[in-house]
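Quick one: the structure is below, and I'll ask about it shortly.
Chain IDs A, B, C, D, E and F follow the sequence of writing; residue 1 opens each chain.
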Amino acid sequence: MTSFSRPSGRAPDQLRPVRIQRRYTRHAEGSVLVCFGDTQVLCTASVEARVPPFLRGKGEGWVTAEYGMLPRSTHTRNDREAARGKQGGRTLEIQRLIGRALRACVDRRLLGERTITLDCDVLQADGGTRTAAITGAYVALHDAVGWLMARREIARSPIFGAIAAVSVGVYRGVPVLDLDYAEDSDCDTDMNLVMNDGGGFIELQGTAEGHAFRRDELDALLALGEAGARALFGAQQAALAE
Amino acid sequence: MTSFSRPSGRAPDQLRPVRIQRRYTRHAEGSVLVCFGDTQVLCTASVEARVPPFLRGKGEGWVTAEYGMLPRSTHTRNDREAARGKQGGRTLEIQRLIGRALRACVDRRLLGERTITLDCDVLQADGGTRTAAITGAYVALHDAVGWLMARREIARSPIFGAIAAVSVGVYRGVPVLDLDYAEDSDCDTDMNLVMNDGGGFIELQGTAEGHAFRRDELDALLALGEAGARALFGAQQAALAE
Amino acid sequence: MTSFSRPSGRAPDQLRPVRIQRRYTRHAEGSVLVCFGDTQVLCTASVEARVPPFLRGKGEGWVTAEYGMLPRSTHTRNDREAARGKQGGRTLEIQRLIGRALRACVDRRLLGERTITLDCDVLQADGGTRTAAITGAYVALHDAVGWLMARREIARSPIFGAIAAVSVGVYRGVPVLDLDYAEDSDCDTDMNLVMNDGGGFIELQGTAEGHAFRRDELDALLALGEAGARALFGAQQAALAE
Amino acid sequence: MTSFSRPSGRAPDQLRPVRIQRRYTRHAEGSVLVCFGDTQVLCTASVEARVPPFLRGKGEGWVTAEYGMLPRSTHTRNDREAARGKQGGRTLEIQRLIGRALRACVDRRLLGERTITLDCDVLQADGGTRTAAITGAYVALHDAVGWLMARREIARSPIFGAIAAVSVGVYRGVPVLDLDYAEDSDCDTDMNLVMNDGGGFIELQGTAEGHAFRRDELDALLALGEAGARALFGAQQAALAE
Amino acid sequence: MTSFSRPSGRAPDQLRPVRIQRRYTRHAEGSVLVCFGDTQVLCTASVEARVPPFLRGKGEGWVTAEYGMLPRSTHTRNDREAARGKQGGRTLEIQRLIGRALRACVDRRLLGERTITLDCDVLQADGGTRTAAITGAYVALHDAVGWLMARREIARSPIFGAIAAVSVGVYRGVPVLDLDYAEDSDCDTDMNLVMNDGGGFIELQGTAEGHAFRRDELDALLALGEAGARALFGAQQAALAE
Amino acid sequence: MTSFSRPSGRAPDQLRPVRIQRRYTRHAEGSVLVCFGDTQVLCTASVEARVPPFLRGKGEGWVTAEYGMLPRSTHTRNDREAARGKQGGRTLEIQRLIGRALRACVDRRLLGERTITLDCDVLQADGGTRTAAITGAYVALHDAVGWLMARREIARSPIFGAIAAVSVGVYRGVPVLDLDYAEDSDCDTDMNLVMNDGGGFIELQGTAEGHAFRRDELDALLALGEAGARALFGAQQAALAE
């Protein structure tokens, strides 16, 4: 299909440039700026010595997430959720997803009665903010656990394996990896995949508003996503090795 | 596998008894009580001659959904969201899903500048409330369109195909169809599938908090879901033929 | 006055058909569907082993109520209160009334430090939802107390007497019993009466927006209401005897 | 019953001293401080040249009310409703009552497309704040209508008759008029009556939490209330004659 | 500048008539009506035997303030903040200012674990409500401390010195003291000063929306304010001597 | 005074290193990262072709600001205001200040019916976030106006002069410039100054919770602030010259 091209000129199976910058701000136990191309998300991990009421006295910890977009991270300004007085449905959905995704690599008994909160704030948006957030939050979580171990608050890391996320979709009939805003807004079908580095699927969220996925498309998207996630695990390891 | 059994005694690929009762309440243009076993959801479709601001003057209609659980639809009483002063993240997530699912079978130009609101209120919950809601809301939507056609407000039905939803999951290592509450609360991995009657996937939402899906499990779950959806399309057609 | 007739064809002192169906849903300790004609209210009673802060440590229990209307229980769709983010004044007024009414037949010391919450959710509205709710909630409360006694949590029933409610009003100059929506919306004057089975008045709420009640009308309305309440006590006893 | 005495030493049928002070503040079109003994309520009437959406273009006006208590109008400090972020159920119930009561003496067609808002703010509370508020708001409303007529905005007064309100109750077995806080908090049964000066009842709200009204008590209370209201109409006329 | 005159006819360095009336309402431990000309603010001080969470167990007390305007204290009616569901930015700013100002004269260790809440409610507004509120709240605070000492709950007064506040501004080029509404709304530059009776500045809040203060104007305004505050300390002492 | 030293080792009249980075994010018409030492604030300016209701049809524009702190911009994590459902008093106070400050250099008639919103989001906090925000927002505003002029939407710049802000305070008895967090939290008295480049004062907000400013201290602080603001005007001009 010689005539097909993505707005960015990327190959269908090509990620955007990924950048993972640790220690981006000073105060948090983990602080990571993650960039998937022009999408930039600041992910901080905060450790607190308390757990939500439903876990009190059970000897387990908790990992949770909050998500926000700066009002002008987007093409046109969005209302500030703090000023409107509530978080929208999309925000709640994304932060629930990030929290579930990261809990999937944590042994909460080893964490002890502590909460790690992952705040994912979008400084600049160009599609894929939730997948960038999950990929970056993993590194921030890792740094926060390192901080706990350096202070000898915990003896063994509660993290097992790694977690990364990437989007896939059908753009003008062709399955493609890691959609940017131009593709995302002109695309019938897209799916966000959260995977672990053992090749398992943690979350699949595919949406086809109007055009349904055929089973063969679904298989092609899953294969693209698996390859993309492998590349992201490499980027996380490289960042953690610095 | 002689030792495996589901709490309900069902076979792994067996749906719960499905009941779809039309004209359940009097005032709505479509009103359906849908039961997946002990899960009972009242789905009403309300027609209004207006559209949300972002569609005004475009000659298109809108289909949207709201979801709620009666406080004592569940084993223990939940706070009433109206009293707490906001809808929780789970509620918003489910009602956004129902709305997207039903819009996938509607030609909004043929609907004209009208809104159809699908209210899905859970009278009794035993797992699978969102899949029952989507399956029942389709029938309520159909009745509301029939009401518009009977009054000659629209000449052609804007509905193409049918939409149904079902859950699948891995329970004690075995892929099973249509999880009830006993299974759902003791299950590592589950997925909600929304399909159309052409065999296409409209939504996939798979979650593995703790244990990841392997690819072969995913394939088995998709096959179970496809068969389950076919049975639900039959139940919808039977109800609409009455 | 040969020309007088009610929209429903009922005699001035005639109740609508009353139906009280126990065990309507599974999870609640008491669950009753009450119908006054086309008005249908689901009343559940939930027992919880805690009391509000102002009663802690006093050895007394609490009985409270919440009220809601499904968005399309009415002729035209009403906004969902959970989505609007607050309960309206009418809702708060009605649920406070239901709570007061039911507390009037409970010895809270005999209940012990427990709360019974009566959720009254209107599935279909045709006038008189609050009076139906009180009448049905009494039966749900009775079942919840029965559940507590069957589990030997309490030795003696804290319920004394029975409580029922009915509306009366002046429709086209004639005092009538149990107004339906057609009468209610075309009526100058109406009153809700809550009574006990000893013939005492628990609550009177009469409203005349525009035309004031004369004292003789008031006397006629009170007499109608007393007769209506007696019939409702019979219906409650019949339901409880099943 | 020689041993009976009210905490205040009043006779059972005796009102507290009533004071109605017009032009209490400067800016409002009507501004009245009404005192029933130690209960002091500031009632202002504000005229605005607009109506709520449901009345636009109908050529009718609207009369509505808002009610509030200063945080330390009471024995112990109450939370400020503005700080808590919502008005409580009691507040909403009272302001709805005040609005209905005053609309009962206004011909809204003669008012034209204007809204008169009656703000009733309790400076000091000693029982009976809602009845004092209604009685004072009538005078403020009258002054606001006088202001409209003086400016020749309306030619004829839309007010017909007068409205006043008083409480009655059974205190230690004796029917009494105009309960103060000491009586109100130690009383099984009380009723608020809103009447017009033609002797008609506009609102009756009787509540018996625990002990039901007998029919003979009810008759005695209605008689006390009628006499009390007559005295209040006199006080209003005297104030308006100044 | 012979042609200069203030709308009220006052000299540039002249305060409006100040009135400070103690024991204005009955229930509060301190209750003061303060009038700066036509600005009337009711300031109550409420003592409670508890402190906010951040002070628990530290042996210190707390002094805080809340501020509100009655809806028709102003020329045109303002929405009631309790009905809108939140306090506006101006309200929060003013009540934070009042609280900080009064804490500046209290030794919180001598107060012990108690909270004194100063409620400042504007009955009538004509400019300078926040400065009147601070000046009156000081007297109410003094009375509440007197109440505590009379009951021998505390042995020594925690109040040191006095606090008063006044506004200054540049009106038509001339520095003036104690702006009323007519001046305030036609003035480029104004400043609120909170001072103690030792001549120290507790708060300065100067705002020039459009025209900046020159340094010489600032010096003139500070001098006016110092003189104004001295007069207010005299008025407070006179009221406390009654 | 050999023994005095600031935690940072700075001289009393020394600013922290100032960095002003334009075009920090892509989408906003102006986007500036401003750093006062470790305090980092992202200031974006968004242009919209509409004005608030109170300005409609008047031919004038509006400049407004919103402020937020990322939850972990601070030493310990703060609740996310969007999740709590409202902006706190401090936030509202700061954003009102920023808006007033920037309006002081804009001729709103020349701006035409447009709104420029300045979003100031704190990425990292170390004292002085509001002064950094104002100083940076001025540059972002300048860039947004440049964008309007480049598109020929406006012919003349509506900006006159420059605006900058800096804090001053008395730290251990010594007046110092530009307080960082270590000083701010251990300081009796501090003041924020907003100035224009003509040497005029736009806003003064001085607070002494406990220890009052003497007049001579105030003079020393004003002098420090004037010098600091001059240095900030230089930094702004240098950034705008790039």
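Throughout what follows, contacts are C-beta pairs under 8 Å (C-beta built on N, C-alpha and C of every residue); 3 or more make two chains touch, one makes a residue touch a chain.
Just so it is clear, the model here is predicted, and its values are computed rather than measured.
Enquirer: What's the farthest chain from chain B if centres are computed as the mean of the Cα atoms?
Expert: E
Enquirer: Quick one: point me to the chain whose Cα centre is farthest from that of chain F.
Expert: Max centre-to-centre separation from chain F belongs to C.
Enquirer: Could you put a whole-Å number on the gap between the CA centroids of chain A and chain D?
Expert: 59
Enquirer: What is the distance in Å between the mean C-alpha positions of chain E and chain F?
Expert: Centre-to-centre distance between chain E and chain F: 28 Å.
Enquirer: Could you grab the centroid distance between chain D and chain F? Build each centroid from C-alpha atoms only and quote it in angstrom.
Expert: The answer is 51 Å.
Enquirer: Report, in whole Å, the distance between the mean C-alpha point of chain A and the mean C-alpha point of chain F.
Expert: 33
Enquirer: Note the residues in chain E that touch 2 or more other chains, in rising order.
Expert: Where chain E meets two or more other chains at a single residue, that happens at 85-86.
Enquirer: Please report the chains around the ring in sequence, anchored at chain A, with chain F in second place.
Expert: A, F, E, D, C, B
Enquirer: Using the touch rule from the top, collect the residues of chain F that touch chain E in their complex.
Expert: 86, 88-90, 92-93, 95-96, 100, 103-104, 191, 195-196, 198-215, 218, 222
Enquirer: What residues on chain F touch chain A, complex-wise?
Expert: 25-28, 31, 38, 40, 42, 44, 46, 48, 66, 68, 70-77, 80-83, 85-87, 91, 117, 119, 121, 123-125
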